[in-house]
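Have a look at the structure below, then the notes.
Naming follows writing order (A, B, C and D), and every chain is counted from residue 1.
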Amino acid sequence: MSRRLRLWLLAVGGAGVTALLVAAGLDLPSFGGPSHPYGDRAVRASLARHTANTIASVNFDQRAYDTLGEMGILFAAVLGCVVLLRQARDEHRAEPEPAEVARPVRRYALIVLPVALVTGIYVVAHGQLSPGGGFQGGVVAATALHLLYLGADYRALERVRPIGLFEASDALAVCAYLVLGLTGVLAGTAFLANTLLPYGTFNTLASGGIVPLLNAAVGVEVASAVVVLLAGFLDQAVEIEEQQGS
Amino acid sequence: MADAVIVVALLLVAGSATAAVAVRDPARQALVLSVLGVALAVLFTVLQAPDVGLSQLAVGSALTPLLIMLAVRKVRRCGRTGDETR
Amino acid sequence: MNGWILAATVVLAGGGAAVLWGVTSGPMSRRVVAQNLATSVACPALLLLAQGYDRPAYVDLALLMALLGPIGTLVFARLLAVDLAGDRPRAGRESPACRANDGNFASGPAAWGPTWAAAALGAGVVVAVCVATGPGRAMVKLLVTGALLIGGNVIASRALSGGFEGVRGG
Amino acid sequence: MHVLPYLVAAYIFLAGCYGLATSRNLIHAVGCLAVCQSATYVLLLAVGYRDGATAPVFSDLKPGSRPVVDPVVQALTLTDIVVGATVTAMLLALVLQIAKRHGTVDPDELRELRG
């Protein structure tokens, strides 16, 4: 297909989609309207279960099954990346050269690294109370680890990052989520039903029943997944080279 | 008048999305994408979705740019060795 | 619509336009500076919005922004070190172009003018919001956010002006 | 104002599609796909917004004291962002494989290589 034909096809398809989208947009309930039946019910259910952050309640209690699917996607994607980015037979690892980073930058990275780790853990731990949760905190904690690469060099990062451990904790966190769901079945209710633990006092760390536990499982899974993912990309970009003259 | 901040955030998102498409060099596009991530996070805040804003910040400001830049670097290296052997 | 939200709107409109203009035109060095500026514009705006909506919980967003924004800039400074070094005027030699651009938004990777302007904006906003909140745990969080924002901003500018010159391929 | 967010979402989606179709570099195409995906975030959150409301997070708010926006679409958007990030990572890994096998990431050149 020539470039011109492709552009024409795009123009025709784009015009059609534009017409449909505009028609749909004009017919949607107008922006900022007062009618949100599902939202009101979700808020009521969340308050009944003493979860202050309704979004966490929706994610890990009312629609916890969806989050299981999301974790599955994340797990599968990481698996796929690890397979795609593995070291092929015609490649070899070149030791990366040590990098000299300006001293203020290095110092900043080393100071912010623990701050970012603590912030990540804080965001995960308060997921059922204030904005945040397993996903956000996990990404922050994993990003924090990579400050070592930015502030020093790749070898420094490799020393504190046993990749096998992170792969194992990734899998274990997914299993923990499943097991937590299955205990609901064993206790005589439904899969991932929030009936296992007492709901606790509203707006305290131990409130929300099973929500904080699922939150922690997702946090660990996401943090390990991001570390493994970035390890694959960093290996490719920094270390692995094609065999010369092959 | 109360919606002025929403309109500004929407326009910022639309503008940075246009720029992200129009900038053709992947390394420069990564810069625009990280600005788009920040603009989206601000939009989510004014739409009263701080949870979503947090996750957009976490993904958009550091993770996605890092992934794209590493891919760019690897592709550049592949291209270089490919040219040498050819 | 109160004064805080109005201030946030003004900061977002002005800063956002400058960032968009900077990040889409000019040499690589200028684009990276604009990307860094995005953090230092958005973070005060988020603080103002948190105060305007009367929701202290929204400060978490500004905290994360102040934490991750400079990390993002460091990523670019590190992985674009070669391109940025190409743009940079020779150190130690005062070329006329360099002097003309000094402290200007459109200047080389140093661009200390906007850096200090953004730092002043951040400091002003943090002080104003602190005064409005009063002492307490919320104020400590605000001060940490402010310190991270200004420190990160300055360090990111430092990194852009040759922080990764010793990096070769690693 | 009543339809502006929906129209912005539609515009972002179409702009991303245009970039995707005219891209000369697969990494750039992946970035355009990320732009397309951000249209869905805007649309979902716009549907859930309510005038004068605040976030349904009650750590610093007495329940019932202020109207709140729809939490269900926010949870959906959260999932959307996670999936978007993983899709980006996965596609970039595929692009790296293509670059290794063929030495180019230009879709047109790749088509010629295939014959």
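Following the convention adopted for this analysis, contacts are C-beta pairs under 8 Å (C-beta built on N, C-alpha and C of every residue); 3 or more make two chains touch, one makes a residue touch a chain.
Predicted model only: the values in this text are computed from it and were never measured.
When the C-beta contacts at A-D and at C-D are tallied, the pair with the greater total is A-D.
The chain closest to the protein's centre is B, with centres computed as averages of CA atoms. Chain A and chain D have Cα centroids lying 15 Å from one another. The centroid of the Cα atoms in chain A and the matching centroid in chain C are 26 Å apart. We define each chain's centre as the mean of its Cα atoms; on that basis chain B and chain D are separated by 10 Å. Counting partner chains per residue, chain B shows two or more touched chains at residues 2-3, 22, 30, 48, 50-55, 57-59, 62-63, 66-67, 70-74, 78.
For chain C, the set of residues touching two or more other chains reads 53, 55, 57-58, 60-61, 64, 68, 71, 75.
Under the contact definition stated at the top, the residues of chain D that touch 2 or more other chains are 1, 4-5, 18, 46, 48-49, 51, 54-55, 57, 59-60, 68-69, 74, 78, 82, 89, 92, 96, 100. Those residues of chain A that touch chain D in the shared complex are 3, 6-7, 10, 14, 17-18, 21-22, 24-26, 28-34, 36, 38-39, 42-43, 46-47, 52-55, 57-59, 63, 66-67, 70, 73-74, 77-78, 80-81, 84-85, 88, 126, 129-131, 133, 135, 202-203, 222, 229, 232-233, 236, 242. Residues of chain A touching chain B in their complex: 32, 53, 55-56, 123, 131-133, 135-136, 139-140, 143, 146, 226, 229-230, 233-234, 236-237, 241-242, 244-245. Taken in their complex, chain D has these residues touching chain B: 1, 4-5, 8, 11-12, 15-16, 18-19, 23-25, 27-28, 30-32, 34-35, 38-39, 41-42, 45-46, 48-49, 51-55, 57, 68-69, 74, 77-78, 81-82, 84-85, 88-89, 92, 95-96, 99-100, 103-105.
Contacts from chain A toward chain C in the complex involve residues 96-102, 104-105, 108-109, 112, 115-116, 119, 123, 130-132, 136, 140, 143, 146-147, 149-151, 153-154, 238.
Here chain B touches chain C in the complex through residues 1-2, 4-5, 8-9, 12, 15-16, 19, 22-23, 27-28, 30-32, 34-35, 38-39, 41-42, 45-46, 48, 50, 53-54, 57-58, 61-62, 65-66, 69-70, 72-73, going by the rule given at the top.
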